[in-house]
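Structures for review follow.
There are two complexes below, and they share chain A, which is joined by chain B in the first and by chain C in the second.
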Partner chain A sequence: MSEDPRGDRRKWHERLQVTLWTLIVPPTVWAAHFLFSYLWAAISCAKQGDFARFPTLFVAGTVLALAAIALSGWIAHRQVRMPGSPPPHQDGTDIDRLRFLAKATLLLAGLSFVGVLFTALPVVFIGDCR
Partner chain B sequence: MSLHDQDDPALRAAQEQRLREVWAPPKGLFLRWTDTNNNQVGNWYVLTAFAFMLFAGVLALIMRTQLAVPDNDLVGPGTFNQLFTLHGSVMMFLFAVPMFEAVSIILLPQLLGARDLPFPRLSAFGYWSFLIGGVFVSGSIFFDAAPDGGWFMYPPLTTRTDLSGLGADIWMLGLSFIEVSSVAAAVELIVGVLQCRPPGMRLNLMPLYAWYILVVAVMILFAFPPLIAGDVLFEMERLLDWPFFDASRGGDPLLWQHLFWIFGHPEVYIVFLPSIALFAMLVPTFARRHLLGYPWIVLAAVGTAFLSFGLWVHHMFATGLPKISLGFFSAASEAVAIPTAVQIFVFIVTLWAGRVVWSTPLLYATGSLAIFVIGGLTGVMVALAPFDWQAHDTYFVVAHLHYVLIGGTLMPLFAGLYYYWPLVTGKKLSDRLGRTAFWLIFVGANLCFFPMHLSGLEGMPRRVFTYPADLGLGGLNMASTIGSFVIAAGIAVIVLDLCRSPWRQMAPRNPWQAGTLEWLAHPQDENWGIRSIPLIESRYPIWDQEDFVRKVDEGRYFLPDAEEGRRETIITSVLDARPVSVIRLGAPSWKPMLTALALGGVFILTTYHLYWLALVSGVATLAMVLWWLWTGTAEIPEKPSKPIGHGMELPLYISGGASPGWWAMFITMMADATAFSGLLFGYFFFWTRHADFPPPDMAAAPGIFWPMIALMLALAGWVATVAAREIHARGGIGAGRLLLLFGLATSLAGVPAGLAGPWLSGMDPATHSYPAIVWTLAIWTCLHAAVAAIMQAYVLARSLAGRMTPHHDADIRNVTVYMHFFALTAACAYATIGLFPEVA
Partner chain C sequence: MRKSIAAPSVTLASVTVATLVLAGCNGHQSALAPFGLEARSTLWLTAVLAAGGSVIALGMAAIYFVAARAPEGKLTHQSGMRLVLWLGAVVPTVVLTALLVWALPAMRPLPTGDSDLHIRVEGEQFWWRVAYARSDDKGLNGRTEPLLLSANEVRLPVGRTVVFELTATDVIHSFWIPGLAGKMDMIPGRTNRLVVKAEKPGTYRGVCAEFCGLSHALMAFDVIAMEPAAFDAWLTAARIPPRRTQDRGAALFAREGCGSCHALAGTSAQARIGPDLTRFGERLTLGAGILEPTDGHTAAFIRDPHRFKPGARMPAYTHLTQEEALALARWLKQTKAENAR
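Up next, the complex of A and B:
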């Protein structure tokens, strides 16, 4: 897909600017989800004393976080495969810098995805506030 | 100037002479201490931190001697409490963190081919703050007044003045002062990595050490401020009896634990990552190949940094929090093993794929990895709540943390010491002594700390000054004590090696045949950092770029001269390191040292309750800072731009988002906002801990009216400053000044308006945690309003003095950054104290 025969008409995900800020999108989503989980549990335990076995809010938040990380990872995956010199991306060129950042973003997306799943697991196994 | 001009040896000699004069260190018995060059300040920093390490090590030896046999009476329980508290605090706050800052201050400019970091005077200020605060805290033990509450100072024992003495204040205020210097170093290092890279050094070519330092400096911004917030609350309780941690008056000691460990756990990675970063430099050198998996290291550094902020409650597993909360933190604690392991595998694979040279630094590196992995594995064990309940506060935890810190911080630093000593002094250390020391430390560490796993599992609690013989732990403790002295012997060998260094031969240049920029340094080093700032095309330019060293030495790259007699370096863009401007760096000065002295006075005098003198010291600090800024920053250059060689002409003045000053303000304010969020967390934490918060009898205080007035004033001041910036940039100097004057008035009016709510509704902060935290948020915000007023007045004065013009408007742009954060602080604070009681 990324090797578009019509030349420089790039896909939307190829035109996205890749910076240090986009690099930290996946772990930032993990952090937001983690904070959300902690606050959700702390407030529902402190103020309600309990939470339902499959609380909708928590599931929705987790699915949203996983989707955001997956999207960020997918974009990074496409960018890693943009035409240019092969790895290791160690030349002083635009494409190498881009593909390096995309690769690092992809790896972080993988880690963050696992991290969100880890965070969600206790809710599956621990159903109450004891 | 063209490339060929540099063929002329006379020209090169003249350039070198000018550079030498500009960068000459100040001479003389007293003047030499005014130096700000990263080489000198970095060396002082390293030596001081090393001295604190030796001091804390001696404290540990006294403890181990006391524990060698059961029922020993070498030291009493009071002294023992001071010993372990000071040992932990000094190792963490005065050795591990400052050592990372010190090493980075020395190495970073070399690694980045910069003449110096962007704010050399800030580095010097950080050093003097560290020295004063460190001596103050450490010296207390000689007056039997050292802190004795353990290095995490849990209230309520430490906040009750009838149960703890001056030591708690010394810890709190002395270390707060050092935290200021850590934040200063973080600002310096972040801006250094992002903006002082040599042309061509894009993000994918940056040395991995710089990646690590960037990540760690950002972590400091988010980790240290919660502790500063905690310190503020802690001292308010000790000095003014505001009951934040007193359960009988609506406070909660757990709040301190949260704030401390939000700092304390990332802190572990703050001291681990920069040490492991040294491996990323020395492993490729001794594997004789490029490091494999560069993006994987970036993953590991960034991933660890994020995950490390989700671990803090694993220090609080035994406090009775809901199991679901423990589950979240246990999960994150297990997840952090992934990036940690990734970087270890990257190093192993690189060594495997290379042709290994078994040098002394590499010996330390591999040995420390072995020790670290053992500590990491016990970490995976104690991250599981049920196991932790058994091992909590026993010697098992002591064993775990020492394996982590010796393998993850101390020994990697020794690897770095043996690797980088030739860079700093031009001489190699002895391989024979180095290897002897390594084996002593390696064997000693295992002999000292491995038995602690067992004594811990058999029930020996940490922090006891003695134990009965019936417990049957005498043998294990004796083994630990012998091990500790073996470690000490190893460190003594290293000290001996260092002391013999001045009498040794000079080493050749780049003695390890490394490929990275820092090894351009010459054994008889010039003070100027680098002869000319190179164009980078590879991760290992000395290995890969043709004639690289000669071209740098002959000044064939950028900025080979100092025509105007000023210290300069190049600022480049963040992503691709395109040259943006040339900045003038601060020259040697008394101001950093005097400012640190004045600020130190504030903290030290407050410790002894000398409030009026502390106030005088505070005013002196403010005056020093203003004098420093007025004379040393945002200087309008004598010409708009200057050539840097190869036909490039760069501006000498930049303002706004491309300038280092703007970034420094932004980064400082991120830290400030994080500290504020720590206080805000306190408010909502109390809300979750009480069925009724605010308590019914205070539900109407502080009311909606005054907080909303204060918020309006803050927002008006913010809008006025932003408008002033825009109009001023378009040439409207008069209108800009009027708007600033209006902003100044609203900021000043915001101070009484912010305090009016709690004051007029008669809230007494000593009665309950609710009025105490409301007052704290109000005071914090009003102090920021006062600082806003000072900044607006400063900018106005700059404009009137002709030091700020529409084309040279760095001052107002930087102040606008402050105002953005101030507006955000005011919005959060006043919405919380004014509106939240309505919905709670």
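Up next, the complex of A and C:
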């Protein structure tokens, strides 16, 4: 994107690289949170023998995951709004590539956000080691 | 022309299928006829899901219908995308979240207390070893004897929390009383807990729900949910060994070595290899839920168990005459005469 005429006047999130790697950030966070949830439940049940009254570590991990997904989604949301031709973003230009990947990232972020919430809800409603 | 031929055959096919499906309906072994807390909430959840799913399917069909018949140019790309956003993302998310929040509390195990009745059930090829105990008696840890040993029959007090401790001795079985709660695996070397609460007195049936061998389908048991007072009275009475006559049946029981595998409380027969026969006369079925407990059936089962239960471990006693087998059957049933429930 170095040939972009606006150069350094772009905002920080607009200057960020958009690749397939940034695309999979939200689902990766979701997957990590999923694994974290199971490990946390297994370890805390095994160590304490009972379900934690207030699962501080779990809440912190969930908030962190949600924040990471929200940030990724917000960046993608701003990148989608960068000036360019209307959808479908199917041309071989930098701006089309960016807007396509950003849109896909935004949708994945929405899905992952809900996914993390769905993974976390059982802790609130079941709260039992059995 | 074609229509008039097709319509009756479709009706006939529907009626046939419906009849076949409805033939499976019963009140004693069905998740659709619950008598326990968990089965009842599961049925309600199933009904809501089925109704909601039908409404969604019909609604989608209606939208397809309208979209396919809409005049040219009436539908715009933007309105289509908005529809996808709302009906494809927002509404499903809200509906699924609501369902999750509603259904999760039903998955929470019932709270248990120290005085709750524990029933330990061990799956065997192809029957059930049953032991009753109170958890505060430490009865199931081998430190003290359980309150009562039984087989192929489970009795429950209505309205009280009961903890099933489920395990197996040979292969994996699965303990399932459809009207009471979900099924639970019985795994050798491991004890699984299933906490239940019966809500309606009656006679029901449970089955093995994990293929376990030749007679897997012939491995069932009776479930009797009783009013708490009646249950307590039964448990107290059942712990007193019935008095048996010392007649020909007793002699046959001793001569044939039945006590090497079976137990009869109050006698020298204390083996735990086969089903406990102390309360045999009280049982509603013979051979783990498969036969009417008549003297004739019992005699025939003793002489040739494999005719009724292929793969059963019990040896055949074909050398017994029919008359001897009948005498033994009648003698075994003496529980009933002495200690009727």
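Simple rule for what comes next: the second predicted complex is superposed on the first by the 121 of 130 C-alpha atoms of A that agree within 3 Å, B and C clash if a C-alpha of one lies under 4 Å from a C-alpha of the other, contacts with A are read in each partner's own complex, and residues count from 1 in each chain.
Definition applied: a contact is a pair of C-beta atoms (placed from the backbone, for glycine too) under 8 Å apart; a residue touches a chain by one contact, two chains touch by 3 or more.
All values reported here derive from a predicted model rather than from experimental measurement.
**Student:** Mind checking chain B and chain C on superposed chain A, clash or fit?
**Tutor:** Once both complexes are aligned on chain A, chain B and chain C fit side by side.
**Student:** Between chain B and chain C, which one contacts more residues of chain A in the superposed model?
**Tutor:** Between chain B and chain C, the winner on chain A residue contacts is B.
**Student:** With the two complexes superposed on chain A, say which partner A:L121 touches: chain B (first), chain C (second), both, or neither.
**Tutor:** In the superposition, A:L121 contacts both chain B and chain C.
**Student:** A:G84 in the overlay: touching chain B, chain C, both, or neither? Say first, second, both or neither.
**Tutor:** neither
**Student:** Can A:R130 be said to touch chain B (first), chain C (second), both, or neither?
**Tutor:** So A:R130 meets both chain B and chain C here.
**Student:** Between chain B and chain C, report the minimum C-alpha distance in the superposition, expressed in whole angstrom.
**Tutor:** Between chain B and chain C, the shortest C-alpha distance works out to 5 Å.
**Student:** Once the two structures are fitted together, what part of chain A is touched by chain B and by chain C alike?
**Tutor:** 114, 118, 121-122, 125-126, 128, 130
**Student:** Within their complex, state which residues of chain A touch chain B.
**Tutor:** Its residues touching chain B are 19-20, 23-24, 27-28, 30-31, 34, 37-38, 41-43, 45-47, 88-92, 94, 96-97, 100-101, 103-104, 107-108, 111-112, 114-115, 118-119, 121-123, 125-126, 128-130.
**Student:** Which residues, counting only chain A, touch chain C once they are in their complex?
**Tutor:** So the residues of chain A in touch with chain C come to 110, 114, 117-118, 121-122, 125-128, 130.
**Student:** Which bits of chain C are touching chain A when the two form their complex?
**Tutor:** 89, 93, 96-97, 100-101, 104-105, 107-109, 193
**Student:** Quick one: which bits of chain B touch chain A in the complex? Just the residue numbers, please.
**Tutor:** Per the stated touch rule, the residues are 200, 202-205, 290, 294-296, 298-299, 302-303, 305-307, 309-310, 322-325, 327-328, 330-332, 334-335, 338-339, 536-539, 574-576, 688-689.
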